[in-house]
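Encoded as C-alpha cells, here's the structure I'll be asking about.
Each chain carries a letter (A, B, C, D, E and F) given by its place in the written order, and its residues are counted from 1.
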Amino acid sequence: MRIRVVNPNTSRAMTDTIERCARAVAGPGTLLDAVTSEMGPASIESHYDEALSVPGLLAAIRRGEAEGVDGYVLACFGDPGLDAARELAGGPVIGIAEAAMRTAAHLGRGFSVVTTLGRTVGRAADLAERYGMRRFCRGIHACEIPVLALDSDPDAREIVTEACREAVEADRSDAIVLGCAGMADLSAQVRAKVGVPVVDGVAAATLTVQSLLTLGLRKSGRGEFAAPPPKPFTGSLRSFGT
Amino acid sequence: MRIRVVNPNTSRAMTDTIERCARAVAGPGTLLDAVTSEMGPASIESHYDEALSVPGLLAAIRRGEAEGVDGYVLACFGDPGLDAARELAGGPVIGIAEAAMRTAAHLGRGFSVVTTLGRTVGRAADLAERYGMRRFCRGIHACEIPVLALDSDPDAREIVTEACREAVEADRSDAIVLGCAGMADLSAQVRAKVGVPVVDGVAAATLTVQSLLTLGLRKSGRGEFAAPPPKPFTGSLRSFGT
Amino acid sequence: MRIRVVNPNTSRAMTDTIERCARAVAGPGTLLDAVTSEMGPASIESHYDEALSVPGLLAAIRRGEAEGVDGYVLACFGDPGLDAARELAGGPVIGIAEAAMRTAAHLGRGFSVVTTLGRTVGRAADLAERYGMRRFCRGIHACEIPVLALDSDPDAREIVTEACREAVEADRSDAIVLGCAGMADLSAQVRAKVGVPVVDGVAAATLTVQSLLTLGLRKSGRGEFAAPPPKPFTGSLRSFGT
Amino acid sequence: MRIRVVNPNTSRAMTDTIERCARAVAGPGTLLDAVTSEMGPASIESHYDEALSVPGLLAAIRRGEAEGVDGYVLACFGDPGLDAARELAGGPVIGIAEAAMRTAAHLGRGFSVVTTLGRTVGRAADLAERYGMRRFCRGIHACEIPVLALDSDPDAREIVTEACREAVEADRSDAIVLGCAGMADLSAQVRAKVGVPVVDGVAAATLTVQSLLTLGLRKSGRGEFAAPPPKPFTGSLRSFGT
Amino acid sequence: MRIRVVNPNTSRAMTDTIERCARAVAGPGTLLDAVTSEMGPASIESHYDEALSVPGLLAAIRRGEAEGVDGYVLACFGDPGLDAARELAGGPVIGIAEAAMRTAAHLGRGFSVVTTLGRTVGRAADLAERYGMRRFCRGIHACEIPVLALDSDPDAREIVTEACREAVEADRSDAIVLGCAGMADLSAQVRAKVGVPVVDGVAAATLTVQSLLTLGLRKSGRGEFAAPPPKPFTGSLRSFGT
Amino acid sequence: MRIRVVNPNTSRAMTDTIERCARAVAGPGTLLDAVTSEMGPASIESHYDEALSVPGLLAAIRRGEAEGVDGYVLACFGDPGLDAARELAGGPVIGIAEAAMRTAAHLGRGFSVVTTLGRTVGRAADLAERYGMRRFCRGIHACEIPVLALDSDPDAREIVTEACREAVEADRSDAIVLGCAGMADLSAQVRAKVGVPVVDGVAAATLTVQSLLTLGLRKSGRGEFAAPPPKPFTGSLRSFGT
C-alpha cells in the first residue's frame, strides 16, 4: 500500500516535518513518502497562493499515478485542488482540513480551529461548511504567524499554544484542530498544555487514506469525479493537456 | 490496542458475522473481539427496540472498561446510546452509522443509504442531520427485510443488492452506505453488482476507532462527556447506579 | 380525558411538584395524575442517566395504556425516549422541552433556555435543532445547580432567577424557557423578577396534550410510529418483549 | 377568558363556519366570538389580497383591545399582519398556519399541507421556513379551488379530500394540515377518508390561544413587539394614526 | 426607460433626499422620479407602520402602471409589500434591503447592517434570511435614532457614523449596509470615516432596476406573481378592488 | 469606466461571442473589451480544467491592473479563481454564476440552471450554496453538450432550448439561468420559446460590475481580500511571484 503526502508549497523543510508526522502514524504495511511541489508559491497564505499551488499539486498527483501510488494526502489546510485531484487519481485523495475536521467531530460536541493568518479564516470557514462541519466547528482563530515562521520563529510554538488555550476557553470546545500543515509537529505540546485532544490533519489524513485503501474504497469512476475529458492546453500549462 | 465491537442486539449469529467483518480490516497490532448484549431485544427495528438496547450496551461498555478495552464500535446503524457510551468510556466509541456516513462522504458528492425496514428511515435521517451529513446523504431507502431475515432469508442478498442499484440510480449518488450491521458481509457483492463503492459501517467504524487510538485522541475528560455524576439507581437497573 | 405526567426519574418529591404544576393548568374535564418511574436514576444529569431512565418511562407508558390513559407528558427536559414512547402509546406523548420551546416560539422572536448543569446544554441544543427551534432559541444557559438541589438548596431559587435575568440580557430574548422539570414551580417568581414571560414545560406540555386530545389528533398508526414489531427480549429487560 | 377569531376577509359566511369550528373546541370557561373584517378583499388568494387584508385586521384587533378581548386567532392561512397585530394586542395573537404547523409537528415526522390555489404555495413555504417547520413540512399541495368555492362548489370537498390522499402518498407524511380557514369544517371527513390525523388551523389556533392565556403568557411589552410608536397617519388610513 | 422610486412613508422631505441619491447614479437614458405615498404613516418604525404603508405603496404602483413606468424601487429598508407590488407591476420592483444586501455580498465575505431603532432589527434579520443573505450578514446594529430625526437631529450623522465604525469592528465585516432610506445621503461620509465600502440601498436598487430593464428581464406573468385575481373590496379600501 | 471580460478558456471564438453579448448591455460611458486566457484548457468541463484555467485568468487580471482596467467579469459559469482574482484587483471582479443567480433571484421564487455536461452540476450546486442561492435554485440540469459544441453543433440551440423547457416544467421555476458562458447568445431564443425570463450571466455580470463602479464600491483593501503577501514562486509559475 503506497501513500504519498503532497506538500503543495515549495518549501522542502516543511515537507520533511510533514513526512515525519505522517510516518509516525502509518501502519506497518504502508509505504509512505512525501513530495514537495515543483512549481508555485513558497507558502500558502492567500487565495492567490492557494490557486497557484494547484498546478504543482496536480502534476505531483499525475506523477504519483504513473508510479503506482495508491492514495494521497494533500498537506495544506486549504485543501487546494481537492476536486481536481480526485478526478485525476484512481484512489483516495484526502485533504488535511477535511480529515482533521471529520476526525475532531468524533471527539465531542465541537472543536476550535487555530490557524496562521487571519486572512485564511474565511477559507477554513468555507471548508467547514462544505464538509458538513458547521455544527461542530465552534470557532476559527488566527495566531497571525506566517506559515514559514512556524519553523523559524522561536516564539511560534508558544504563541500557537496560547492561541489554542484561548480558543478552547472562548468556544467551550472539546478539541483543537491545528489549521496548518506546518503545525503538524505541535500537537503533542499543545495537548499537554491545553488539556483537550489536538488533531493534526496530516496524521489524520494519512490514516483516513490508509483506512479507505484497507476498506477497498475507490471512487466509482463515473460521473463528476471520472477522469477529466482530454483536450488541448495552451501556454506554460501546455503539458497538462492531452 | 484492544478494540471491542458491541452488538447491541442479543443475536449471537449476527455478532459472529460482525466480528468477522471487523477482523478482516483491523491492523496487525489490533486485538479485536465482538460481544453480544446480554439484555434487550433480539433485533433493533423500532425506536422502542433501540431505546431498550441501550442498557445492555452500556453494561458491555462498563465490562470493557474493567477489562482494559481501549475503544469500541457500536454495531447497530441507529448508533444507540452513543452519547451515554462516550461518557462511560475513556477511549473512543464510534457508531457504525457515524463512521459509515463520514467515510462515504470522502468518496464523492453524495451517497445513498439502504436499510432494512421503512420505519427506521427516520432515525437514519436524524443521524445524517446530527453528523452534518445532510448534504452528502442523497436518499435513505428501505428494502423491507427484517434484520434477522438478512441472514435467514435466502432471497435477502438479492433484494438488498437490487435496492442498492435502484438507490444509486434514483439519487445519482457516488456510493452506497449499508444501513444495518447485519449487512456487513454484503459489501463485496453489492459493489460487484452495482459498480459504486459500498461502505459497511462495521468495517469503517473499526478503522475509525483504530485510527483515533493510533492518533492518541481521547476525549478531554471534562464537560459534556465527562464520566456521569454518581447517584443511586432503582429497580431492575439498580446495578447501573453507584 | 385522562392525562398522565411521567416523571422519568425516581424522586417522588419532584413528582409531587410536577403534578401540582400540571394540575394548576389542566381543564375542568381533565383527569390528571403524575407517576414516578420505578427504575432508573434518582435524577437525570447526563446522557447516561437519560438513557437509563427510558426503560422505566416506557414501563410507565405501558401501564398507562393498560389503564386507559389518553395522553402523556414526559416530565424531563431531555425528552428521554420520546420516539419510543410514541410507538407504544395510542394517544399523544409530549416532552416538556418540545412543548416549552414551541410555546415560547409564539411569544416573540426568541427565547433563552436556563437549565441546571452545563453538561446538559448540548442535549438541549440537539432538541432545539430537532424541533425546528434553532432560530428561536437564542441561548442555553446553565446555573450549575444539580437537579435535586433545586428543591433542597435554599439559594437555588435566587440563583436560577439571576441566571434568567442574565440570559435575557445577554441574548436579547423575549422569553425564558425553564430547562428542568424541577423548576416547574419557579415560573411565577422568575417572571415577576425578570419581566419577560417564563415558560414551564410541564404546564405547557400538559396543555399541549389536552389540546391534541380535544382536537382528536392521534398518530395515524402506520409507518415510523406504529406499534413496535413484537419480539423476544433477554435478561433483566425480558418483560419488555412479547 | 375572551378569545376573538378574526376573519381577515370580508365574507361573513366564511366567518360563520370558522366560528363554529373554533367554538367546537374551546373550553367551558372561554367566551369565543368571530368577527369579519370591515375592509379589504372578499377572499385572500394573492400577496395583494393578503397585504390589503391587514388594515381591516388591525382595526379589528384595535376594537378587540377596546372591548377587553384577551387573545386572538388570525383566521387566514397566510397569517397576514401577524407581527403588526402582536404589537397592537396585549395578549396572544396566533395565526392559523403557525398553530396548525406546530400542532402537526407533534404528530410524527412530517406533514403535508393542502391549500387552495397554486399561487399561494410560496407564501405557505415562507411561513413554514419562518416558523422553523421546514424539516416537518414535506410538501405543499394546491387543489386549485378558489377560497370561496370551497363553500359554493359541490365538488369541492371531494377534490380537497382527494388532494389530501395524494399528498400523503407522495410525501409519505404522518398528517395533513388544511391550508385554508375555509377548509375548517373538512377535517373530520378528510381524516375518515385518508386515515391520517388532519389539522385544521382554526381549531388548533383557538386552543393555542386558550393555552397561552391559561399559562398566563403575554408578551413582555418591550422590544420588537412593544406597542408601535405613536405618529400621524395620512389619507384614508388616517384613523390608524395617533 | 422610466424608473420610479416610491417612498412608502408620507414625508416629502425624505422623498427629496431619496430622489437626489437615486438620480446621482441613474444612467443617461433613464427617466427617474420619486413619489411620496399618499396614505399611511409619516415614518416606518414598527411592523404596524410597515403593514399600513403597503396600501399607499400599492396605490403608487398602480398609478405608475397607468403612467407607463417600467420599474420601481421600494425605498424603505423593510421592503414593505414587495411580493404584492410584484404581482401588480409588469416590470421589476426592487426593495432597497434586497438590493443593498445582494450588492454588499459582492464586496467581501460579510457585511454589517446599521439601522435606526432596535425594534426594526428583527425585520432586517427576516429579510436577510429570506434573500439568502444569512451567511453574508454578520450583524444588524441599531443606532436608536428615529427615522425622521436622521434629518432633523444635528448629531444624527455623527451617531450613525460611529455605529458603523463599531459594527465593522465587532463583526469583522468587509462592508456596511445602511439600513434606512433616510440614510441614503450618508454613504460618502461613512465610507470616508470608516474605511470600508458603504452600500446605500436606494442607489443600489436604482441600478438593479435599471440593469434588469437593460437585460429585458420581466417576470414571466404566470404563477405566483401573475396579476392578482380580480375581486370586490370593501370599506375604505374599496378602490383596490375590481 | 473600463470593464474587461476575461474568458478563462483559450477559445477565441467563444471570447468573441461573449464580448458581443457584454457590449450589447454596457452603458454608453463604459469601455468594454474581452480577452482570452493565454494559458490553460481550451474549454472548462471538469474540476481539473477549472483549476488549470486559474493561472491564465490571474495573469489576465494582472495585465488588466497594469493597464488601468476598473472592473472584471469572469466569463465561466464555474466562477474559477474568483477569490484569488479579488485579492489581485483593486476594483470589482464578478463571476457570471454569481451575477446570474443573484439577478435571477429578483425575478420570482426560484430559478432553474441549465448547463452543459452533467459532471459540472456539482460545481454549480456548490456555487449556489456559497452565494446564498440554495433556496432560489430549484434545479440544475445538464443537456450533455460539450462547451465547444454549443457553437459547432447545429442541433445545440435546439437541445438547450428543450432542456430549458423541461427544467421549468420539472422545477416549477420562474426563470432560467444559462449555465455556461458559451450560451450567452441563446437567451433571446430560449425566452421566446419557453416563456419565462432567461438570465445570461455574461450580460448580468457586466451590468453588476458597471453598477458597482457607478456606486463607487471597491473592496476595503484590508483583511481577507487585501493584496496577497509577496513571496517567491518556483518553476513554470515563477512569474507569479515577487
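One rule holds for everything that comes next: a contact is a pair of C-beta atoms (placed from the backbone, for glycine too) under 8 Å apart; a residue touches a chain by one contact, two chains touch by 3 or more.
These numbers were taken from a predicted model, which means no experiment stands behind them.
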| item | value |
| --- | --- |
| Magnitude of the superposing rotation for chain A and chain E (Cα, nearest 5°) | 120 |
| Identity of the chain that, by mean CA position, is farthest from chain C | F |
| Between C-D and A-F, the pair with more C-beta contacts | A-F |
| Self-contact between copies chain E and chain F, residue sets same or different by half | same |
| Cα-centroid distance, chain D relative to chain E, in whole angstrom | 29 |
| Computed distance of Cα centres, chain D from chain A, in Å | 53 |
| Centre-to-centre distance between chain F and chain D (centres being mean Cα positions), rounded to whole Å | 44 |
| Sites on chain E at which at least two other chains make contact | 109, 122, 129, 135, 223-224 |
| Residues of chain F that touch chain E when the two form their complex | 25, 27-29, 92, 94, 98, 102-103, 105-109, 131-136, 172, 174-175, 191, 195-197, 199-200, 203-204, 207-208, 210-212, 214-220, 222-225 |
| Contact footprint of chain F on chain A as seen in their complex | 10, 37-43, 45-52, 54-56, 58, 81, 83-84, 86-88, 118-119, 121-123, 126, 129-130, 146, 223-224, 226, 228-229, 231-238, 240-241 |
